[in-house]
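The following pair of complexes shares a single chain, chain A, combined with chain B in the former and chain C in the latter.
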Partner chain A sequence: MKSMRVLLVDDEEELVLTLAERLNSRGIDARAATSGTDALASLRENRFDILVVDLKMPGVSGSEIIKIVEREFPQVRILLVTGHGGSELEEPTEQRSEVLLKPFKIEDLIAKMREMLNLPEGCVM
Partner chain B sequence: VVPLTLFVALTPLFILAGVNYYLFKKNMRSELFHQVSQDLSNTSRSLESVIEERLSALRLIAREETIAELSEHARTEKALQNLKSAFGGFVDLGLIDSRGRQISYSGPYSLEGENYQNEKWFHQVLHSDFYVSDVFTGHRKLPHFVVVVKQGSYLLRATVEMELLNRLLFIPGMGGADDVFIVSRAGLMQTTSRLHGDILDQCPLPVPPYSPQDEVIEDFDDQGISYSLGYSYIEETPFVLIVIRKRADLLYEWFRSNSELIGFLIGSTIVIFVVVLWSLTSVVKRIRTGDLQRAQMLENIEYTNKMAAIGRLAASVAHEINNPLAIINEKAGLVSDILSSSDDIPCKERLSSAIVWIQKSVERCGEVTHRLLGFTRKVPVRREPLDLRELLTEVLEFLQKEATHRNVVIETDFPQSFPEIESDRGQLQQVFLNIINNAFAAVAEGGWIRLSLQAIDPHHVSVAVEDNGCGISEEHLKQVFEPFFSTKGEFGTGLGLTITYNLVRKLGAQIEVKSELGEGSCFTVILPTGRQS
Partner chain C sequence: VNDGDFSSCSQELAFFGTVTAAVSHELANILLIVDQVGGLLGDLAGSVASGQNVSSERLNVLHDRITRQTQRGIEQIKALNRFAHSIDEPDQPVGVNSQVETVLILTRRLLAHAQVELSVRWLEEEISLKGSPFLVMNIFFITLNEALRTAGKGDLIEVELIENHPFVTIVVDGPAGTSPVSGEAMQDRVHILAEELGGGVKIRTEGERRRIHLQFPRETELTTL
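And now, the complex of A and B:
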């Protein structure tokens, strides 16, 4: 059985790297991308179950990535993370997008992702 | 404003009444004037003819009888009787020779042989054909006047009784202030008047200047009452006829004959008074209410703007903080992961404890920033019909445990029938949860919280949450809805009421607070029923 494959996209490099490391240590196959371009490249090279993406990024923004992902990789679930609670969340997103506000506990992130993938509690694979 | 309006409204009315009074007065005066002229011309004509008649009668006798005949007493007596019976008014008759001696006399006195040589009239009559004296007392000590005609060198003289003149001076329709009398050219009263003195008194009025025609003067007396004075110089006599008519009670007359007009004047004055006072008062009241509402509105707008600005600022600060907080959180988490997977780290316990505290603090910061972000998050309002009684009961259920535990009495005053409203159930729950939670924090053990519902008008209902807690001071009352304002010390974030305020605004509602320190507070939310459109 394959583990949960997650692509973390945030312009805060330290955040995504640390988060990826911690997820990895919990048996989740997490990779980090620090820009929209990196993220798209990564998506084209690998298969992911979940895309965890910050909405506000310089260059290709989170919402643009979402549009591309929805179009090109419909099987990838999207989890938005944001430091904003405001305006950008008003934009219509697909039903399968979920939102998590920064800062969050890693347990909450994992629970959320598991929920999105309909995995039973305690299972990360 | 009121005096000015009354002045403008009433002035034309009073001017009209004034004009009416003026015209009335003018009419009355002209009526008076005509009355006097008429009285005057009638009376003076009769007076003239009466005197002329007496003179003619004397002339007739003088011509009919010779001097010799008249010298006889019997003939004089007969002539007097004839005069009395044919003309009337004669008292006596005497024949006087050119030396002034009365040669023959007939009448009630014994004046035969009386000498009139030194009398003024004697000399006057010598130069003309006849003479009419003014009134005097003479030998008989009674007021009378004489008429004399000259026949050759003799004079025929007759005394005329005053009654003859007095009779002429009766004019019908004379009022209390009116008078008619004869005055001599020298200013002595020739008849007894009602108001201007007795016979032979000095007349109180100056003798008017001579005029060949009847004259009427209009003037005012000492008391300012207008009168018409007519006078007529009776030709060939010393008499001046004077007729006076006054209208002392002109104003009374005016009131009497214009009672409808006066009634109308008084009535309209009262109506104008009432209408002006009432309408101005209500207009002023409306303006004042409008001003107050405008001021209130401006204050609300200002407050809303302020809150929005604070909200935006808070949200942007929160966002800036959230990213570093997330990094701190992950780094601490990583350290924690590392610590838990290795056993040979010195001071592991202390490090673990420090990490836990870092994570807890991040969590606390996160709660604050998440709430701040809540200000600007525009969760759409989902309206649905709901029963506020039900909704409040649900909210109270959350708090029931705490109420029982702290012995706080929760009273609800919900009407039997209450209109359904259309609003967002979830957001309203949050609003009332926040308010009631605050009430719980304010009351002491054994205190009470009262919820009451009221339909204000067809479009608005109010929910009041009252407590007998510690209350809020007046200076704090202004700040209760501002972020980070809290009286709960470290237990409060100071964001509860700010969020409540924002939610309430979003739902198109209003929130008001009244409070007194030590007495308790009352938060009232006024909600639109949402059914007006």
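And now, the complex of A and C:
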């Protein structure tokens, strides 16, 4: 049985490394990217079920990544992470995405991803 | 309240809003990281309790993460505190190095998002101006923001603090940019604010670079005594 494959994208390196480690220890195949450019490279080399991306990042922004992912990787679900209460979601693509507000608990993140993939409670596969 | 007062007030509120938004975002990220690293330590404690080995190197990595984030948070809080108290007294000694450093800490996230390269040449010894710390920070912020507006990814912005008795000059050197509209509004605003401090502004464009000189009279020795 394959585990849920997640790509975490945030310019806060210590955040994505820690989150990836915690998700991996719970049986989720999580990888980290610290820029939009790294994220797109990783998406082109690997298969993911969910992209968890910070909206505000230097360089290729979360919003730009969403547009590319919707076009090139339509099977990948997108979870936007933001610390601004959702008021900065301006683009229609952003407004269509699932949103998780910072700060969040690891259980909240897992529950949200499971819900997006229609997985039963307690299941991460 | 007349239109001029309202315009001035709204621009100062915009400065306040930008700074507090940037700091709150930084603090939210710091707390989230510390919370997650704490959670990971809890996960590892659970592993140890169930008989698994956790290396001291791994624990040290996590300890270092918490230490770095805590220091980052302390730096933000200290700068925010200096910013908050900058309006306590309208006329007080203002350390130039200190005020410029405060703005650079508070706008670190803006600078990171702009992806510019920043170089700062500090005064070898701190020099005080007589005036409002809030005004000095506001003027420097407006000027820095203008340099960010015209800068692209990888562009260099140079900040230089120069003692030229009886003045102190803050120079912000950045790309000249192509749209003068916002630049003119910035110049008008900075001129007004600098005059309030008894100073002035000079802007020189050379080729593709623009140097903005913010000149302020330093606190005289007589006033210091």
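The rule is short, and it goes like this: the second predicted complex is superposed on the first by the 119 of 125 C-alpha atoms of A that agree within 3 Å, B and C clash if a C-alpha of one lies under 4 Å from a C-alpha of the other, contacts with A are read in each partner's own complex, and residues count from 1 in each chain.
To be clear about the criterion, a contact is a pair of C-beta atoms (placed from the backbone, for glycine too) under 8 Å apart; a residue touches a chain by one contact, two chains touch by 3 or more.
Here the structure is a predicted model, which means the values were calculated and not measured.
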item: Clash-or-fit label for the pair chain B, chain C on chain A; value: clash
item: Chain B versus chain C as contact partner of A:Lys102, first or second or both or neither; value: both
item: Which of chain B and chain C A:Arg22 touches, first, second, both or neither; value: both
item: Which of chain B and chain C A:Gly83 touches, first, second, both or neither; value: both
item: Partner chain(s) touched by A:Glu14 [first = chain B, second = chain C, both, neither]; value: both
item: First (chain B), second (chain C), both or neither touched by A:Pro58; value: second
item: Common ground on chain A, meaning residues reached by chain C in one complex and by chain B in the other; value: 12, 14-15, 18-19, 21-22, 25, 83-84, 102-106
item: Interface residues, chain C side, partner chain A - complex; value: 24-25, 28-29, 31-33, 35-37, 39-40, 43, 47, 65, 68-69, 112-115, 153
item: Chain A residues within the chain B interface of the complex; value: 12, 14-15, 18-19, 21-22, 25, 83-87, 89-90, 101-106
item: Interface residues, chain B side, partner chain A - complex; value: 315, 318-323, 325-331, 333-334, 337, 341, 359, 362-363, 365-366, 369-370, 372-374, 376-378
item: Residues of chain A defined as touching chain C within the complex; value: 11-12, 14-15, 18-19, 21-22, 25, 56-59, 83-84, 102-106
